[in-house]
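Letters A, B and C mark the chains as written, and numbering starts fresh at 1 in each.
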Amino acid sequence: MVLALTGHRDSAREVNVAFSLGTFVATCVLTVGVISDGPLFAWSREFYIDPLNVFLVTLTAFVGLTTAIFSRPYMRVERDHGKMTPNRMRLYHSMYQLFSFTMLIALTTNNLGILWVAMEAATLTTVLLVSVYRTPASLEAAWKYFILCGVGIAQALFGTVLLYMAAEKVIGLEGGALLWTNLDAVKARLDPTIITLAFAFLFIGYGTKVGLVPMHNWLPDAHAEGPTPVSAVLSGLLLNVAVYALLRCKVLTDGALQSHLAGHLMMAFGLLSVVVAAFFLSRQKDVKRMFAYSSIEHMGLITFAFGMGGPIANYAGLLHMTVHSLIKSGIFFAVGHATQKAGTQNMADIRGLIKVSPTVGWGLMLGSLAILGMPPFGVFASEFLILTTAMREQPWATPFLLLALGVAFASVFSRVQPMVFGDTSVKPLRHPPALVPVFAHLGLGLMLGLYIPPYLDAWYRQAAQMIGG
Amino acid sequence: MTELVGQLINLFAAILLMLSFAMISQRRILSLIHLFTAQGITLVAATVLVGYATHQPHLYVSAGITLALKVILIPLLLYRVINRLDVRWDVETLINIPMTMVIGIALVIFAFNLALPISKLSVSVARGTLGIALACVLLSFMMMITRSKAVPQVIGFLSMENGLFFAATSATYGMPMVVELGIALDVLVGILILGVFMFHIREEFDSLDISHLEKLKED
Amino acid sequence: MTWLGVFSQLLEIVAALLLAPLLSGWINQWRAWLQNRSAPGLLQPYRMLHKLFNKESVIAEHASPLFRGAPYIVFGCMALASAIIPTLSTDLPLSPAADAIALVGLFALARVFISLAAMDVGTSFGTLGARREMLIGFLAEPALLMVLFSASLISKSTSLTTIVETLAHRDLGIHPSLALAGVAFTMVSLAENARVPVDNPATHLELTMIHEALILEYSGRHLALLEWAASLKLFAYSCIGLALFFPWGVAEAEAPLALLLAMPALILKLAIGGAMLALLETLSAKMRIFRVPEYLATAFLLAVIGMLVHILLAA
């Protein structure tokens, strides 16, 4: 149902938006269905929707839609600047749809093998998206991205093979031993030795995709050199889906091992990512690179939260995934307009946004404040939850987290402030910026900070329960 | 009979490992492609044997896909690429080759050590070969890291895929059909994209040396 | 010690001494054919030896007795080596004298003496050859040992006769470790016998020669002995290869008939092996001397992997 809508190719911006809208509507219907009827299967159990993935499906479709709306004027400007030819435009749009298609497959599939295939396919499509400008820098970024993620994700395939091997002994060859639901049912009987190794490989593989330090090198390059809408979906969606894949594997591992190994691994690497990314943040000159590092930081935080486990931390992790994805893509929209207008991504050359275009300026300012965890935005709520849980359960980690968040705050704020309020001589933008998405995202982020609707709350609780840990 | 087939599979596994090793000690791109093709053939033979020994017809299918893809299509494509780009000879390494090989042997020991407890648990005829498959994966992984030119990196990527495929075959008689088809498709698309990329990189940098690709780093 | 054992031992030594030059001639002939040249006669090495034995031996004025003695020692080592390798029969009275490790030691001993002798006269080429020979030797020996170890892991003994017996007469099994060891062994024996990728036996080019540089100062019967020893070494290596990797047709104890069969089998195997060697030499190009360590390191690592594979698969 979702797939049939997104499978088509198209070349026009409007069609792109229309399809994304269609997808979004379809997923909304699906979501309502799942909420009222509980988990559902499709296509002889190959697809499976449960509370954990349904919210990500909706989120993916939503961000996909807003990004499509945003990319409409953005790409028009790029074309006017001569950066995009019609052929590249066609490539861009078809790859964009294919990308969201693979994302949705990855989220909805019940088969861990298909999950891998979809992740790899998402890598391939985004490689093309990142390299769409064909500049040396973008080619370099895309090549690095491909090689690193190709290698990483190959490790995940090895992990999947091992998982299959463990499952096959319990379920047998014919029983669909890669279906997550089947695996989940027998997870306690899976062989611990194999599962340990399998998780190690899966963790390296999907962790690369999440952008955990030290496998993060591809991420800033890919974000900085690709078109801005692509950076937005990379940060807002792809990373989420990778975390999702990791979560699915963690549930199985926890069940099989009866220990906290997976959690410890995730906490260690999550914390490392937070700290390292925070310090890298302070050294960036390129605005998109800076926010890419901020993505690494937040992914680390999310991984850390899920690593701690328990209903509250999981809840916080899920919430953080949602708000991060909303606000980060919102920031990228604003950054996209700002850089287009300034003609550069170098932060030292972007000044006085507030005078050129108050909406863009305020969007960027508010977005940055939101992502840095200022109340009343949603990030504050989730970060607060994560921190308090960490204080109670893993007190040793708290100073590191606080330090990293502090450094991140100082470095991002000191960069964004002059960009927004500094002096400038640039004339206002010709194209009216498509700011609906920015403020829609910020608004939602704000709302989640102030008030979580009861159905959403129940939803998070269910999902958090499922992840357990 | 089964004993013999098992031993033959082991033999093919050893050959696979040997070829992986030969790849990291190889200096010429053309020979690399030959080695890669030979690896593909060995892989097909091993897959067919496992299929024969276990009466799993779908293994024949995946052997067929491997044959078409990794023995015929991809080597042909690579030949075309290196002919068009005229990069037939030089493979440059970031670490010298003896050093790479010493690291390689350490990786092999590591892989065997890792796989030993697991292969004891497996019921497959080819259980011992899981360690070899893992070693192949790690060796190709290292090849990708230590080579500075684009084509050897790509061949390393593909050879890693071979190792993974062999792991799937030896550990569990292959993945489910859907998954295998998906993986094959991904590999094919990936190699096409990489092929196109090589031309673009060549155009932009006037060389296929990846060490030119280091503008983007932390300053 | 039965009379049959003594007989087969004697037969082996005689066969080795007589067949070794023939093998060299055979390989040279194949090489010539493959390179589209007209070949020298098959018996050319014998004629060469005959000629050299009849010539006067000229020795440098300040050469020490070591220089005179070295050819005999080297020849003796090689003869003993070919005697203890079970090529025709596994029932050899001499074989308890040395196992696989001692065999490598025997080769090393010969190498030390020939290098010392080469340095003894004090010419620059001798020293150069000796240095290169030692470089190759010190890298090739561990590799050879590893190859022999992978074989002895299978038979759980380092005695050569036991290894060959196990490999030849147990039920047919394929040992993947031997495939790796086989490749490694081929590489090592090419290096040890001064064949093409490492040294070219057909030239006296100053820059590249190794083996020829060592024996440059010798003449007359000393040179004859050394040339004979060199072909014996090649023969011994071929026999190790055949015994380890193609052990079929070797006679066991108390089987006089098998001994009759073993001889033609050996000659056939050697003929095929020699042709393969010539083919290999023709196909490959000589590598730079500084690449040789790398080449031998590869051989060593392959042998090590062979052992590891054996451990993994046997577990």
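A few remarks follow.
Following the convention adopted for this analysis, a residue touches a chain if its C-beta (ideal position, glycine included) is under 8 Å from a C-beta of that chain, and two chains touch if they have at least 3 such contacts.
The structure displayed is predicted, hence computed values, not measured ones.
Setting chain C aside and leaving every other chain in place, the chains that still touch one another form one piece. Of all chains shown, B has the CA centroid lying nearest to the centroid of every protein CA atom.
Greatest centre-to-centre distance from chain C is found for A, with centres as Cα means. Chain A and chain B have Cα centroids lying 31 Å from one another. Here the CA centre of chain B is 36 Å from the CA centre of chain C. For the pair chain A and chain C, the distance between mean C-alpha positions equals 64 Å. Among the residues of chain B, none is in touch with two or more other chains.
In chain A, no residue touches two or more other chains. The residues of chain C lying in touch with chain B in their complex are 172-177, 179-180, 183, 293-294, 297-298, 301-302, 304-306, 308-309, 311-313, 315. Of all residues in chain A, those touching chain B in their complex are 46, 111, 113-114, 116-118, 120-121, 124, 127-128, 131, 134-137, 139-144, 146-147, 150-151, 154, 157-158, 160-162, 164-165, 168-169, 173, 176, 178, 191, 193-194, 197, 220-221, 224-225, 280, 283, 285.
Considering their complex, residues 114, 117-118, 121-123, 134, 137, 141, 144, 150, 153, 157, 160-161, 164, 167-168, 171-173, 175-176, 178-179, 182-183, 185-186, 189-190, 193-194, 197, 200-201, 204-205, 210, 213-216, 218-219 of chain B touch chain A. On the chain B side of its complex with chain C, the touching residues are 3-4, 7-8, 10-11, 13-15, 17-18, 21, 25, 97-98, 101-102, 104-105, 108-109, 112, 115-116, 119-120, 128-129, 131-132.
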